[in-house]
Amino acid sequence: MDQGLTAAEQRELEARLQKRQVKEFMNVFGNLVDTCFTACVDDFTSKAISSRESGCLTRCVSKSMATQNRLSERFAEINASVTAEMQGKR
Amino acid sequence: MSSLFGLGRPQPSSAEKIAAVENELKVMALMHTRMLKICSAKCLDKTYREGELAKGESVCLDRCAAKFFEAHTTVSEQLQKQGEAAQRAAGGGGGGFGF
Amino acid sequence: MDQGLTAAEQRELEARLQKRQVKEFMNVFGNLVDTCFTACVDDFTSKAISSRESGCLTRCVSKSMATQNRLSERFAEINASVTAEMQGKR
Amino acid sequence: MSSLFGLGRPQPSSAEKIAAVENELKVMALMHTRMLKICSAKCLDKTYREGELAKGESVCLDRCAAKFFEAHTTVSEQLQKQGEAAQRAAGGGGGGFGF
Amino acid sequence: MDQGLTAAEQRELEARLQKRQVKEFMNVFGNLVDTCFTACVDDFTSKAISSRESGCLTRCVSKSMATQNRLSERFAEINASVTAEMQGKR
Amino acid sequence: MSSLFGLGRPQPSSAEKIAAVENELKVMALMHTRMLKICSAKCLDKTYREGELAKGESVCLDRCAAKFFEAHTTVSEQLQKQGEAAQRAAGGGGGGFGF
């Protein structure tokens, strides 16, 4: 991936990647809240989250994180095997 | 809100200070857009027979806004506990976003 | 929010914020059209918007703007109180 | 279209001229993407039993495109009237986007 | 559209537009896969795409491309006529 | 993956090399986000009565991920065949993204 980058380029790249990571994380966080809020909160007779809704949010966040971890693993695996296959063809 | 996300605590250089403020406003704007979308879906009658908000819709929006903020805090606290795991999932590395 | 910015930084910041505002406004406008078009326009036997659809669009835009104004007020209020609470804790 | 959004009327410096043209194309591309999404949802049979557009789908797409443009003009005119209010809602300040 | 640009500005603009085009293309491609995957793939008893799903994907991609071409034509036509009308009013 | 999209094959200058790597990671991140959204919708029970993934959900996610990648390859090959037409539709010009 980063073959052929000098040390300075590598540093610049890392700085950019860190910015990207923060952005990525904000997106993931926002999507998580949106998904779980949409699925769990539907009682607007009160302005405070009920214990039922709160429990649902907690489970939704756990399950979503588990989903994300699992898909990240699959993503990395498949990506590695696709890349290997492509390299072989060159 | 600065504190909710904890971004930009050390703000040294000029460009960085500007970027930090800009970034916070961006975060706020995004949150606002998401709230608008979600609370509209939860509270508004989609037939648009009226051009004004009905009393019930207004009250629903107010409560939805409050709950949306509360959910952010709740989820953020939960993630902080599950901390490192979450960060690895988000792409790894770095530390301490203050969530 | 802007404590600690020099006058020059303040100007630079304002220039950027204005650009951001234009962008923000385009997004809001686009979302508004999308929402109201999706909700109101569903007769494709003609290529002109009917008076029924037109009335629906007008009401939808009014109501969406009212929604946005109301949520902006709530957002500012809640945000202010959260910030105040956090400041108190420091 | 330049005129529909009224952006970039005073185009002085070199960088600004380029940014203005770039921005207009971006606005157009976004509008195109949104139209594609919305009109596809309105007009296409989602079972995909056929790989070509049926006659009815094609006609529907043509009309949807025309109506989508018209809706932009209508909404833009309405916002122009409600003017200042809309701008405050969008985050305040500045003036005259030409809506 | 590009009246009043010098040759250098024109080159700079073209470089930027090419970057934009790549980005645009990635978006279009991503949306296409998402739409067709969502519509066509729904059997998770196997990890390989079935021939039924594959056929559906092919037709969906064809139809989506046709839709896009058709809407692009309409978009250009309408846009040209709106612009002409606006020019006339100035 | 570099090869799947074929971007950044000629990487001359320093800034360009960095941009190329950054761009690839961006493409990967976007694909990951899209997969997360789509496979969650296909595989998860939305009632959230449980905070863990059920066995069936896990297996579904694994298969969904594999199929999602396969669909990318399939669609990309089909577009390569319909090649020029697709590029014109996407805004014209340039050539050879390797799809």
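Labels for the chains are A, B, C, D, E and F, by order of writing; each one numbers its residues from 1.
In this text, contacts are C-beta pairs under 8 Å (C-beta built on N, C-alpha and C of every residue); 3 or more make two chains touch, one makes a residue touch a chain.
Computed from a prediction, not measured in an experiment: that's the story for all the values here.
Colleague: Relative to subunit E, which chain's C-alpha centre is the most remote?
Modeller: Result for max centroid distance from subunit E is chain B.
Colleague: For subunit A, which other chain has the most distant CA centre?
Modeller: It is D.
Colleague: Return the distance between the CA-based centres of subunit C and subunit E, expressed in whole Å.
Modeller: 26
Colleague: As a quick test, compute the distance in whole Å between the mean CA positions of subunit B and subunit C.
Modeller: 15
Colleague: Residues of subunit B that touch two or more other chains: which are they?
Modeller: If we look for residues of subunit B contacting two or more partner chains, we find 29, 31, 62, 66, 91.
Colleague: Counting only residues that touch at least two other chains, what does the list for subunit A look like?
Modeller: In subunit A, the residues touching two or more other chains are 24, 28, 36, 58, 62, 68, 72.
Colleague: Mind listing the subunit A positions that touch subunit F in their complex?
Modeller: 1-2, 4-6, 8-9, 12-13, 16-17, 20, 24, 27-28, 31, 35-36, 39-40, 56, 58-60, 62-64, 66-68, 70-72, 74-75, 78-79, 82-83, 86-87, 90
Colleague: Quick check on the complex: what are the subunit A residues that touch subunit B?
Modeller: 18, 21-22, 24-26, 28-30, 32-34, 36-38, 41-42, 44-49, 53-54, 57-58, 61-62, 65, 68-69, 72
Colleague: Within their complex, state which residues of subunit F touch subunit E.
Modeller: 5, 7, 27, 30-31, 34, 38, 41-43, 59-60, 62-64, 66-68, 70-72, 74-76, 78-79, 82, 85-94, 97, 99
Colleague: Going by the contact rule at the top, pick out the subunit F residues touching subunit A in the complex.
Modeller: 1-4, 11, 14, 17-18, 21-22, 24-26, 28-29, 31-33, 35-37, 39-40, 44, 46, 48-53, 57-58, 61-62, 65-66, 69
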